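Encoded as structure tokens, the structure appears first; notes follow it.
Note that the chains take the letters A, B, C, D and E in the order they are written out, and that residue 1 is the start of every chain.
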Amino acid sequence: MIIAKVVGSIVSTRKNDNLVGSKFMVVEPALGKAQPSERFVAVDNVGCGIGETVLIATGSAARIGCGKESSPIDAAIVGIVDSGTELEF
Amino acid sequence: MIIAKVVGSIVSTRKNDNLVGSKFMVVEPALGKAQPSERFVAVDNVGCGIGETVLIATGSAARIGCGKESSPIDAAIVGIVDSGTELEF
Amino acid sequence: MIIAKVVGSIVSTRKNDNLVGSKFMVVEPALGKAQPSERFVAVDNVGCGIGETVLIATGSAARIGCGKESSPIDAAIVGIVDSGTELEF
Amino acid sequence: MIIAKVVGSIVSTRKNDNLVGSKFMVVEPALGKAQPSERFVAVDNVGCGIGETVLIATGSAARIGCGKESSPIDAAIVGIVDSGTELEF
Amino acid sequence: MIIAKVVGSIVSTRKNDNLVGSKFMVVEPALGKAQPSERFVAVDNVGCGIGETVLIATGSAARIGCGKESSPIDAAIVGIVDSGTELEF
């Protein structure tokens, strides 16, 4: 999983039916200095806000691990990071 | 998921049977400045046009989330991006 | 999916049983200038030849979308690209 | 799989229910010199400690191979590396 | 799939139960000049040795295509490369 920072959100009115109700957050990798090009979109599964440091699951884990087997989701925010040992965020 | 811009489309007459009827759009990442080498092809699932900013799902999410379990699709356009907070496209 | 150019083929006599009969083509990304290190192998699903521009599906889409659920295939050539709008190959 | 070094751990109180009980280790690739930006999080499946060199499985292999089919896990520590031939860590 | 060269092997005594009996080879991409950081571990499915040029399947194809559906394997050596047309290794 990736440690990332929530930096924004997007609105999409016209979308796949299985995405209705999903909250799309824009995140960027939090370890090292990220370029804008490294930002991507993850669906919020834990109720996070902009500025928080989060744990992100990608690939089939994002769909299946969040109970959305039939949704076109390839990245999900699955935890809020409280703290880390031997690390700086 | 990736925020991308639709920059073109391709025509493929001779193709896998499960791809018949699919619309192949060429997209490029929209956050940061993309190189031509970063362009890839995604199947349109929402009815988009060239120049629009879209949300793309990759991997098994593209097939399964769009009801095309048996098609060789690894990227799909699953939303049109209307706007974003704290972001510039 | 990736737009690639077929640049060669390989022969493998000793291989996994589920790969018997597969044609292994060496391809390189066709958008932008590719380095030799970016070349990879894709199984031919449409009957292509060296020099052609093709559409490639990767990941589980390559296996499942080509009816080879039980084969160790992670990339397949699933279309021949005839032409593209707003693009140069 | 990737050979990595365990460099830290993280704590996440608010998280997906399927992650309760998982131990989140921060790892970095051990072959070559890693940048901080290459660090990622893997769930411990073997009982490892900080400083150890480990084997990591990614993607669906991390979930399914560790008996956590329904968890949003995309990377797992699946072995402790004792030694390697022709290699330096 | 990737064309790679087998450059070493690793020993792991403490590991996931589903990995018992697997032979872990260290490989590096063989097309272009590889950096040490590009080396990774693949499970041997064909009986290869150090120095050989091999074909590697990654992702779920490595598990499912080699009959190890329940093992945490994300890369497998599935063929020995005998020769290639239009290519130099």
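Note that contacts are C-beta pairs under 8 Å (C-beta built on N, C-alpha and C of every residue); 3 or more make two chains touch, one makes a residue touch a chain.
All of these numbers come straight from a predicted model, not from anything done at the bench.
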Neighbouring chains common to chain B and chain E, by label: C
Homomeric contact chain A-chain B: same or different residue positions, threshold half: different
Cα-centroid distance, chain B relative to chain D, in whole angstrom: 31
Centre distance in Å when chain D and chain E are each reduced to the mean of their C-alpha atoms: 19
Where chain E touches two or more other chains, by residue: 59-60, 62
Chains in cyclic order, anchored at chain A, direction fixed by chain D: A, D, E, C, B
For the chain E and chain C complex, residues of the former touching the latter: 1-3, 29, 31-34, 45-47, 55, 57-62, 64-66, 76, 78-87
Footprint of chain B on chain A - complex, ascending: 7-16, 18-19, 24, 26, 35-43, 50, 59-60, 62-63, 69-75
